[in-house]
Amino acid sequence: MRSLYFGILTAICWVLAGTYSETSWRTVRPCIPEIGRRDIEPTLGQGVLLGILGGMRTVIADGTWVRSYVLWERKDRPGCETLMRTACALDPRSRYFWENTGYVMGYDMAHWEVRRRGGYAKVPADVQEHLYRSYARRALEVLDQGVVNTGGNAALLIAAGQLAEMKLKDQLLSARYYRSATESRNAPWYAPYFCARNLWEAGQREESYRWYRKIWEEKLSKSEDGAPDDLKNLREMEQALHLPIIQRIPRPAWEK
Amino acid sequence: MTSAAISVRHLTKDFRVGLRGLKLRAVDDLTLEVPRGQVYGLLGPNGCGKSTTLKIILGLVTATAGEISILGQTYATAEARRRTGFLPEAPYFHKFLSGRELVRYCARLSGVAPTQLDQAVEEALTLTAMTEAAGRPIGTYSKGMLQRIGLAQAIVHDPELVILDEPTAGVDPVGSVAIGRMIQEMRSRGKTIVLCSHLLGQVEQVCDRVAIMDRGKLVLEGRVEEVLSRRDRHVITVESLTPAARAAAEAALAAHGAKVTSVTHPRRSLEDLFQELVKGSRDA
Amino acid sequence: MKAFMQRTTWITWVTFLEAIRQRFFAFLIVLGGAMVLSSVAFRFMDFGHGELKFVADFGFGGMFLFGSVLGVVMTAQLFFSEIDNRTALTLLAKPVSRAEFLLGKFFGTWLVLAIFVFVLSGLLGAVLWSRSIELNELAEKMGRLAPEFSPGGLVAFALLQWLRLGVVIAIVLTIASGARTFLYAVVVGALAVVAGQLQWIAQDVLLKPEGSVWYRGVLWVTSRLLPNLEQFNIGDALVLDPTSVPANAVVQVAISGLIYMVAFLMLGTALFRRREI
């Protein structure tokens, strides 16, 4: 009988332990960077397991990154990509890993692929373009993940905006990234201009002006120098749009 | 409730061995009683089930069938174990502890009150002649000293029942005799002692009753004198026996229907001779 | 109850004395300490995480790795040394219950691991503190934001690590209670710890409303059988970004660890009661 009571008590304790750990896990979950499980699968067993288990994630991620550079030098695309993604997965809050993985995938890897197929002289321009676009798309996926994991890091959004503009030739997409960068913490001063310029060049001239003007009035004009370069850009846009004087930005005292 | 210190009835123990779970019967329908205040010898060859029986009595192993009673309790309750002392076969203790620390540790575990601790420890060490070496780490002890410190930890809480499993295994004859004396000393204090041993000579000397086991079964049990004496034979020890005196004695015995079957010189045991030669030597 | 506590305390003390003398313990604590101290020398390998994070990661890694190895191996070793050397026979023939024996082993080993965790945490704290002073001065000169280091967070983390190792010891003791050999206890214990470290995957899936009933059922059972050991790894946040940690997080994780410890020790006692010595 005593054993039965003890058994029942043990079972109750067990269920309680499991149930309570759900509560505690919900509380601490945001404090622990999530590991990208699928990204690390190919590299499991290369010391990465220890990182997944909780110890020395940063150190192992750094070691993995150093190793990825060896493969980058050899232009080993699959190996380099796997290790870089592993570093990102192990330490997903590191901007550095996401940003550089995005750059390497979006710029270098397409270039390696062109060279592997015989070089720029041999590979037709449309194939080159196709390669650039496909690698740029993959790089943007990586950067998007990085943006999520780093809580909307401005540098990653800028990198994505550049890639979308230069390799994907998608100025609307590029503008979206620059717009997000503008709205993020520590936004660089040039982000609004790039967003407006891309929208403008994509044909959305009025929307571009409206948004740029709003940002200038709400944020940029309140900076120490009043952002005169942006105002100059806006004046050029007003000219190009043939806006009547009354609809233009009122002239500040300091404007030349 | 029984007046015996230990009572075992129809005790059976099977061990499962191997992946197929084959049964190995270690104790087979054993029934015996250990009376209080006596030294009880449990004898038998290796693997006959002596140690298993003791472990079942102490609650370290569960019986497959049968009943046991120890100091009036129906199983080895904490209360029964508090009143029992146990020295396992080839005892091993933490080497880093000193003898005194070990005995003290065991005394605390056995429930000796803190106020009586020092006295109980010193008494146990004195009885087992370990006072001098008690400050040394156990790792430096000889085999005989290990057995004696093992005995000290078994009796430190002044138990009613002391179970000794091969207390003289690996001990030289001098140490063996010393342990025999300690057992007799404990009996004189009214303790019940269960002794498992291969040294039949020693068992014969110190035990009041013996039980002999073979292949898990009890083959003989009774008082030592009863089981050893041959009622149809007699021994007369004579000094200065001449051939003529011998012939006259044989004739006189024949007249009463008795017959002399052998005439030999009495022998001392090798143990007695050894004791005489190394008298005074101490195990240290 | 008083006698129960006293006997458990005595067994704890002797287990502690035995464990603290082990060369294996000395070796791992020296190795862990060397790792923490050497982290400063390796900081050039850091890729933009912030130097303190890199140094802290080294220390946390040392505590996690060597602590886990110590927890698994030493627990199994201390348990089986009593069984194989038959000192357990002497102890359990006295009025010592199986629960007292097991708890004594548990607390004795846990006490040794407290020394391990707090010595390494102390070293790590000293390294982080000295580097944070230098980095703060540098940041002030360059007009940058100074890196954050919370000594209180480090103490909280050390306590959580100690609790985690307590759960590890309880797991290994439970396995050892039913195991026949030391090797089996070590291997299965290590696997159980690894599984516990990965249990969060099951819990994460359960938190999202996806998957079939069967799949979720299996995950539910898994998440209840295994403890979530990953929840103790909030060192980064506690030490370097304490404001990001919810106020009740440490307490909740500690309570969760304590419940797991009790649950495992109860199961271990039940198994050990059936064991023939």
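By letter and in written order, the chains are A, B and C; residue numbering begins at 1 in each of them.
One rule holds for everything that comes next: a residue touches a chain if its C-beta (ideal position, glycine included) is under 8 Å from a C-beta of that chain, and two chains touch if they have at least 3 such contacts.
Quantities reported herein were computed from a predicted structural model and do not represent experimental measurements.
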Selected interface, B-C versus A-C, where C-beta contact pairs are more numerous: A-C
Distance-maximising chain from chain A - centres being C-alpha averages: B
Inter-chain centre distance, chain A versus chain B - centres from mean C-alpha coordinates, in Å: 81
Whole-Å gap between the CA centroids of chain A and chain C: 36
Chain centre separation (chain B, chain C; CA means) in Å: 47
Chain B residues touching chain C - in the complex, by the definition given at the top: 55, 58-62, 78-79, 81-82, 84, 86, 88, 90-94, 96-97, 105-106, 108-111, 150, 153, 163
Complex contact set, residues of chain C against chain A: 42, 45-49, 53-54, 57-58, 60-65, 194, 197-198, 200-201, 203-204, 206-207, 223-225, 227-231, 233-234, 236-238, 244-246, 248-249, 252-253, 255-256, 259-260, 262-263, 266-267, 269-270, 273
Contact footprint of chain C on chain A as seen in their complex: 3, 6-7, 9-10, 13-34, 37, 50, 52-59, 62-63, 65-66, 91, 94-97
Touching residues on chain C, where the partner in the complex is chain B: 3, 6-7, 10-11, 14, 17-18, 21, 85-87, 89-97, 276-277
